[in-house]
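Presented below are the structures under discussion, each in the form of structure tokens.
You will see two complexes here that share subunit A, one where it goes with subunit B and one where it goes with subunit C.
Moving on to the complex of A and B:
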């Protein structure tokens, strides 16, 4: 009888997770899919920077305050701004990294082999999610640094301390936002047997929440609080608030709102401002801490969306039969 | 028997209305090769999954090396290697990288992973393809890599689910030699679940016949054969130059149930309630028939299997599953026989 292995019995609990995480990460980074989405985002970033520079420096600009930050949110007539692009295409990155996390593992017969190893079952999901989140962090950081660097070279602007802080906050927000979509994709990868089904489900939700949610929101708001006739005037505030609330179900809207607030210090409030509240206000931009305070709920909601999505995937996965 | 390494007591698993595993009791001694045989859907895979803690039993316990499979799955999975029925590997990694990854999941240091992977690839004869991507492997190669993969953790117990499925005869022969070696040379305990009887019977110390979640017979193959004979089922297969004459004579003999001609030239199958070999030779001499071949059947697994299976099918239909369409067991048995003969 051969000597018993000392290594296996003294294996630490975390080794399985670490090994899986390393493998998932290298899988992502070596995959064509990752290269493709990264290249797409890089091209889009370059284009939006070009658009912003032409708009801001081509014509007359009314103010030079926070000019560097304005590069992020300014588009041109033909191209969207960097923030808009990230809001719209970021989800695609999240979905790409997650939609086949578990179902491919199942269909190629490696899930059961994994499950037969001395690791906790949740380590499989944790590793996949963490690896995806890491890649998202890398993508967002790389795009952000690229954008800043290229902007500095092109315009000669040097961001100030507050601007740097705001950019970092914006990038963090973007990473969390994309992670929401990663969590959604992981849920579908657990629920759907086929990767294609999961991808389609994710993409349809993405398109719905990004493009059609605003229509649905105004439809609901108009149905509940009609704006026509005499009562329309009375309903105006309620109508707007309901529309806003429904819109905020979509992480796309949440992110857009938060990103605008962070990147544009002159945004002082999100929501309805009455004349009485606005009267007497000093017309100046908000300090960073105040802007952050304004979007804090958005960030918390998105983080909890990530957690809720992950928890749902987790519960579903733990209850599922492992066999193919 | 030595202190059992695998101990299953009253294990039960129900999927909705279907009883997948029905109060299974089984003990396997260290170093033993045990064959769990039964048709598809008999509950073999469910049983193996419960042994690995991947499926929770509704009642009963399973323990490997004194550790409860449901409550301490991590400890169990350190000692148990599992080869699933259609083993899969990451197609973008090479065979060697796949093995290395399994080693890492078991907490082996990188040098040890490398050393073991090298030795195991050699052992299963896969060194030549070790650095090719696993996606290019054939079924047989995957199976061999699967065995190397199971051995990466140096398990004391190995569970194999249908290891011979989809492999060519030469590959099966090699596989069987390898499995036997794992038991004899390394002293590992091996549990094979299969519906392919011929291959498995060559290497098993004991077999259990598993039908509809129940272990209907369990023991060494020879003993199962004798058990059948003591219940009055004797099967002879013989070849003669004048089958018609001899069949007629045999059908007149007391104790013979049936004597019928087989498909092959001169082949006769005789089923009787007692040993008739003495009378048979005398009868053949009387009628002037030359006995070219005479073989007692029933000692091999297929016959045992068929008989037990038919018995189980009968009792099941009557007693436990009144709702089942009658004769389902027999139909299954027939399907099974066809499959066996084809294999």
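Moving on to the complex of A and C:
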């Protein structure tokens, strides 16, 4: 979608966006870095599918409802599920595609030459970001199709209409999630003069938000609402809600929550479920639209993060002196 | 009619003649038999009232007052036209009996068949026993009486039956044709509105409107009475009749419907699920039906809900619900603010002191699409912001 829109507008306005976009895309697809990250994700996908099949079909399965979807969220004792892998390693793809977008051009002196061409200056950044987003879309689509195809071959399961919708929604969600990290990487590529600095900054943020955010969240929650002593019992709900709120700062957590809800129709709430809310509830699966509405805020936040991140990088880039 | 009169006249003449001859014989024979110390033929009940078509058996006793036995010839002296009679002994037809000296009780049976078309009146049958120089005459006086035969009738074994509404009642009835002709009776019943009465021969499932009964015969019939749904409790009398060309038979069946209390809580469409959203009131139209046959008083409506839900009714009780009547009312269901998306079970109950009905509803709590629209608006705002950034900083 963004590709065609950008292409159409560039053809009309003649800003050179289309040419730059095609060049950036071919650069990405031919680079060893892309092949490496794609191969890594492919191996991980295969492994997680194997783990899921072993778990779901090895022992006794209690229910066969939405079995195809459960392949996405089921891991084994030694391997994570596909959704978990995508949540953790997906950001690496986004960072890889964006961390050296501008600063490498600058340090190699090609940015001045590029800016000397009869094109608008913002076309450079737009093309880089759009090409990155396109590659992310390709990766996610390829991995998703590969996973579905291999799963159908291995298990003989055929996804139903609702399952297909949910898988598509999950893949779209994944693409938006990885684009958040692309936007972050592009910001750092504009801000940092050296590609290595940008890469390190991105990776440290990625590791912090993915691995340590939960520790920080529980630390903050425990500090504000202590769980020890008599008041601990009273604080339990507040403590959990604060921890959840802090955790949700991290796109990793947002994505994990949304992916679980989309892929598991029996998830009926993403917040705290009180005893009173659960009373009288009948075990049933939500229709797709209802699940989507549950995670709609997550999707909106992530899409907004992408737009805001890109806007920040854009403003910064346009204000920079590039001839120096 | 003319034929009947003339035949009655004939019979009358014959009867007078018979009476005269028997009197003459009695005078002529009684004296010598007494003198000779001879034979006396008798039966315990020489005069009987019989029905047309009957077969009668008279046990004949012989008293031989002479000192020697004798073979006695038996004969029928006179018999009304159409009647038949035979002497039998040990199951076989006989013409003579050996009468020993002394009393011989029950030695011979006289079988008399009364024709089916025998008219009312008094008939005489004369029997003669003679042999060994002795003879005895016996006159049987038979009265054919239509009253005694009972006439044609429509009778019922158990004419009064009791049951709840919704059951059908089967009356075993018998159509007795006591006339001499085959009759075709057509049936009719005068049932209250809504009731159905069907006639079928016993052991058959065919419903018939009329049945042909042989002369002097009977036909067992089943009369099936089905009350309408929701019939009120009480006693109902259903006159039934069987009418042929010459006869009109009638009988009365009584059905006592006992009271039943049934309350049904549902919705007019029968759909027991509806949608709602957390904290928002949704309305459900309920229908309360009195399925019994007795008016129900003071029906209360109550609910058993998940925690935090509220259910209100447009009216919390129904004062009187007539038998068979349905009343619609509205329930206002407000799911809890904390309700999760998905299905909840909710039980609504209508009850009074006699009966109650609980219905479980499935409420699907949905997140309102409004929030989806808000989300789209937020994204549009972000895109607009980006557009502003483009306009302000781009194209330099």
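Following the convention adopted for this analysis, the second predicted complex is superposed on the first by the 309 of 324 C-alpha atoms of A that agree within 3 Å, B and C clash if a C-alpha of one lies under 4 Å from a C-alpha of the other, contacts with A are read in each partner's own complex, and residues count from 1 in each chain.
Everything below uses one rule, namely that a contact is a pair of C-beta atoms (placed from the backbone, for glycine too) under 8 Å apart; a residue touches a chain by one contact, two chains touch by 3 or more.
Just so we're clear, the structure is a prediction, and the values are computed from it rather than from any experiment.
Undergrad: After the superposition on A, what does A:310 contact: first (subunit B), second (subunit C), both or neither?
TA: After superposition on chain A, A:310 lies in contact with subunit C alone.
Undergrad: Touch test for A:16: subunit B only (first), subunit C only (second), both, or neither?
TA: Only subunit B; A:16 stays clear of subunit C.
Undergrad: Looking at the overlay, what does A:27 touch: subunit B (first), subunit C (second), both, or neither?
TA: first
Undergrad: Please indicate which partner A:274 is in contact with in the superposed arrangement: first for subunit B, second for subunit C, both, or neither.
TA: The answer is second: A:274 touches subunit C but not subunit B.
Undergrad: In the overlay, answer first, second, both or neither for which of subunit B and subunit C A:296 touches.
TA: second
Undergrad: Just subunit B (first), just subunit C (second), both, or neither: which does A:120 touch?
TA: both
Undergrad: Which residues form the common part of the subunit A surface touched by subunit B and by subunit C?
TA: After superposing on chain A, subunit A residues 120 contact both subunit B and subunit C.
Undergrad: Inside the complex, what are the residues of subunit A that reach subunit B?
TA: 1-2, 4-5, 7-12, 15-16, 19-20, 22-23, 27, 30, 108-110, 112-120, 321-324
Undergrad: For the complex, which residues does subunit A have touching subunit C?
TA: 120-122, 268-269, 273-282, 284-286, 290, 292-294, 296-297, 299-300, 303-304, 307-308, 310-311, 314-315, 318-319
Undergrad: Tell me, which parts of subunit B touch subunit A in their complex?
TA: Contacts found on subunit B: 45, 49, 52, 54-55, 74-75, 77-78, 80-82, 84, 86-92, 101-102, 104-109, 112, 149, 153-154, 186-187.
Undergrad: Please give the residue numbers of subunit C that touch subunit A in the complex, ascending.
TA: 305-309, 336, 338-346, 362, 366-369, 371-372, 375-376, 378-379, 382-383, 385-386, 389-390, 393-396
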